[in-house]
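Alright, structures below, take your time with them.
In the two assemblies presented below, subunit A is common to both, partnered first by subunit B and then by subunit C.
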Partner chain A sequence: MTETEVTQEGLHKEGRYIYCIVNGHEKFAVRNAGLDNADVYLVSYEDIGAILHACPAKPYESKEENKVKEWLFNHNNIIDKASDTFGTVLPFSFDSIIKGDDDAVVDWLNKGYEELKKELDRLKDKAEYSVQIFCEPEKLADRIMAQDSTIADLKEKIEKMPKRTAYLLHRKFELKMKDASHAIMVKLAEEYASLLMKHVEEIKTVKVHHVPEQFKDKKLIVSFSCLVLKDNVKTLGGTLGTINDLQGYAIRFTGPWAPFSFTKIGEI
Partner chain B sequence: MEPSRGEYDINDFLDVLLDKGLVLNADLIISVAGIPLLGVNLRAAIAGMETMLEYGIMEAWDKSTREWYSEEFNAKMEVPLGENETVILRSFGSIWRSRGVISAWQLGFWYLTNNRLFLWRKEPAEMLFEVNLSKIEKIVLRKEVHFKKEREELYLQFDCGEIARIHISSSREFEKAIKIAVGRDLENELFIPSSPTYPNDDEEIVQEKKAWYLFTAKGILNETWKPGRIYLTKKRLFWVYQMDNQKMFEISFDKVIDLKISACNPVPSLKMGEKLLEVKYDGGCALFYAKTDELNEIESAMHCIILEQMCPGIVR
Partner chain C sequence: MVIEIDEDNLKQGLLGLVVALVEVIQEALVRQAMRRIESGKLGPEEEARLSESLADLDEALENIKDENDIKDVVKSVTDGLTEVADVFLNPERWAEELKKT
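What follows is the complex of A and B.
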């Protein structure tokens, strides 16, 4: 099936599921690779375009987590493919659908052209990387004790006390430790951010929802999303490597991803 | 080190896929981060509620739920009655509610049926209060001053010990009807607490602070924060309810097994992470809420008392 045929077939469908916006008008058509094996193609306007597939004008929904995960993988997969062909793309959040046919998409690209183009240029040759810095809890505790003698004293006192009294005091100790480790983590996060700053274009701290098994016994100090120029990935990796080699520390460094966290248009 | 892109990494990145990236504007687009079903299931599974709310994903769901709710209720605006339930009496009235800082009369229509006594507000439709007749133990009609005028109010006490103070425009008629409908003799003497003052004990009060206390769910009441004062003596802690000045919680320090200030898990009306004082004792845990520095004061005073009890002379 040719690209035109794909479009023809989709004509009767009144929605377009958008994966991303790309710079350029190279041919792009992938059969059966979109959500639910949809045929994915490019709709161009001037020198930019939208990667999409035709679908009914209603959102994809499912109660089955696995189904949705599959969709999410498809979504990401198409964005990866598009990135291979066109370089950095503007990725869309999952389940973004334009009402209307290809003409509606062209019309919409036309309206948003300047903003989209500007953003594509800004993100050119950059990609998103995720960096998580872990540390052994004991390491952190040692640092805290070394810094704050009152906590160390309290610990010593507890060890000498009768058990029940010690229990209550222990609570106090734990609270103090918690506050102190929070403070030290904030401080460390700032230090690492400024350390990485010279290798990245932008850096953000992000929340992390799950931590892989291999890091489970460590404490997550900070998690960053970084926007990195292709040429700088090596030096960033180098700096992370030196932290990773420190005893008690571990780094998780993943990417490259499309710049999901750094597209600034927000709503188009 | 080299960045990795394994399957697990992609899996983790799915969060970002849901939260970030461009979103469409609603106008020409049916947009769509905010789809009810998908949103709820998936994002709850993957991203967690917080992110959902942060990104407005729940709004659409919330809106559609509310629409559905109001449709449902417009359809059956009549009073919700059970099968075989018939209304005996109906009259305009109110109930005295004191929830947190707000104390007020809630208005509606009182219904007495063969099963229940309830206060129903039509618009917006809500059941303000309801109780099964079998739970009523005492009923007392008392004259009270309401906005400088005297009127008759009913006090009902239920099997859980809770007392409801209600006003019904035809209170005498209701009183009679309730007694008949219940079909049992109801006590008509009710201890309506007068107001003792504290400290009234011979023990010395070491500390006194304003604090909220979390009443556990009991009978017809949900968990509720109630305002009052916390008192510490050398031997015990007790808490006095502001409304009636009664001691509602009391614990001797030698029963306390743990004491801490913690950030709260979900409890009614408080934001996650607000500081609470947790007093654990064998068989339970009492929660108090106050200004953070006052909580700290209470906690450290208690620590001192307990420590002093166990190791006399340790606190100087």
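What follows is the complex of A and C.
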């Protein structure tokens, strides 16, 4: 390590943990609600501000899963509180820390002002919603077999044969079903995306890592993150309701969330 | 660095790895058998024999997994292999990975 680097390190013992950027400079202070009960406050520049707490300039790391969960809960909780006060915010991901004190944050806001302000205006009055569309596997299988008679014929043939003798045909049936199921889900996802596009500003297909217990027996057809204007949430809900009412289908519709999936901030 | 080895874990891990590899071979055999059947070169009796042999192998593997409680280990190895195969054998995935970098 060079001498300069040591000096630089010394300069940045202090840091600021950033939760989000907000439009406005109203007073905002929440005591003991940040990570590890930190006092959270607003540092503003012109008409925007950063919601933050003071911390050492090093990342929050823990091998304890519960500790990390608690931090994530605190992080999202502060973003929700800020959204209640300021409207749509630019949420930052967990562990975003600026080296330096409040003045360093003001410098950083100053440097990135145009980009941050533009993004805040773009996302104004919009929120992120998560939409997951599920279908009963039997319903999907019926639909596949109604469309492809060769698969239906194969199933009929298997049912008339002894189990061991039908093993290879059964495997063939499984592979054909898997391919057909993939194809039909891609088609359905496109159909639903264009249906929902009428009510949303932006839509993204996302991977899902956790499915709640009540949907475990169903097949996830597609999962979307949608950026929705507050005025359009009801009509979006109405359209999702009509899908939910179809026999064998179920919708999981959650939000509003801060627009994590739609915030575009480059290198500031 | 000292590596601590638990004998039970070692047995489960090793057996899980072997069974997962046999499953990969079995999968290749199944696909080969399907191709042979589709080519029409096999008679009905040969088809039935092939199917029954592979069914027996499948059943034997399931029994080994149940008796040794290694279903999760095998699944984990198979999922890992699928992931590797997906990266190396899927050109669309290469394009996605390239976009990320």
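Going forward, the second predicted complex is superposed on the first by the 252 of 268 C-alpha atoms of A that agree within 3 Å, B and C clash if a C-alpha of one lies under 4 Å from a C-alpha of the other, contacts with A are read in each partner's own complex, and residues count from 1 in each chain.
In this section, a residue touches a chain if its C-beta (ideal position, glycine included) is under 8 Å from a C-beta of that chain, and two chains touch if they have at least 3 such contacts.
The structure presented is a predicted model; accordingly, all values stated were derived computationally and were not measured.
Peer 1: Put the two structures on top of each other at subunit A: do subunit B and subunit C fit, or clash?
Peer 2: Clash: subunit B and subunit C overlap once superposed on subunit A.
Peer 1: Touch check for A:Asp148: first (subunit B), second (subunit C), both, or neither?
Peer 2: Touch status of A:Asp148: no partner.
Peer 1: Using the superposition on chain A described above, determine whether A:Glu201 touches subunit B (first), subunit C (second), both, or neither.
Peer 2: neither
Peer 1: First (subunit B), second (subunit C), both or neither: which does A:Lys58 touch?
Peer 2: It touches subunit B, and subunit C stays clear.
Peer 1: In the superposed arrangement, which partner chain does A:Ala166 touch: subunit B (first), subunit C (second), both, or neither?
Peer 2: The second partner, subunit C, only.
Peer 1: Regarding the shared-chain residue A:His209, is it in contact with subunit B (first), subunit C (second), both, or neither?
Peer 2: A:His209 contacts subunit B only, not subunit C.
Peer 1: Give the label of whichever partner, subunit B or subunit C, reaches more residues of subunit A.
Peer 2: In the superposed model, B touches more residues of subunit A.
Peer 1: Which of the two partners, first being subunit B and second being subunit C, lies in contact with A:Phe94: first, second, both, or neither?
Peer 2: In the superposition, A:Phe94 contacts subunit B only.
Peer 1: If I apply the document's touch criterion, which positions on subunit A are contacted by subunit B in one structure and by subunit C in the other?
Peer 2: 164-165, 167-169, 171-172.
Peer 1: For the complex, give me every residue of subunit A touching subunit B.
Peer 2: Subunit A residues touching subunit B: 15, 18, 21, 57-63, 65, 68-69, 72-73, 75-76, 90-100, 104, 107-108, 129-130, 161-162, 164-165, 167-169, 171-172, 175, 207, 209-210, 212, 225, 233, 237-238, 240-241, 244, 251-258, 260-261, 263, 265-268.
Peer 1: For the complex, which residues does subunit A have touching subunit C?
Peer 2: Listed in rising order, the residues are 163-169, 171-172.
Peer 1: Would you mind writing out the residues of subunit B in touch with subunit A in their complex?
Peer 2: 1-5, 8-10, 12-25, 28-33, 35-38, 41-42, 45-48, 51, 257-261, 303, 306-307, 310-311
Peer 1: Note which residues of subunit C are touching subunit A in the complex, please.
Peer 2: Listed in rising order, the residues of subunit C that touch subunit A are 30, 33-34, 37, 47-48, 50-52, 54-56, 58.
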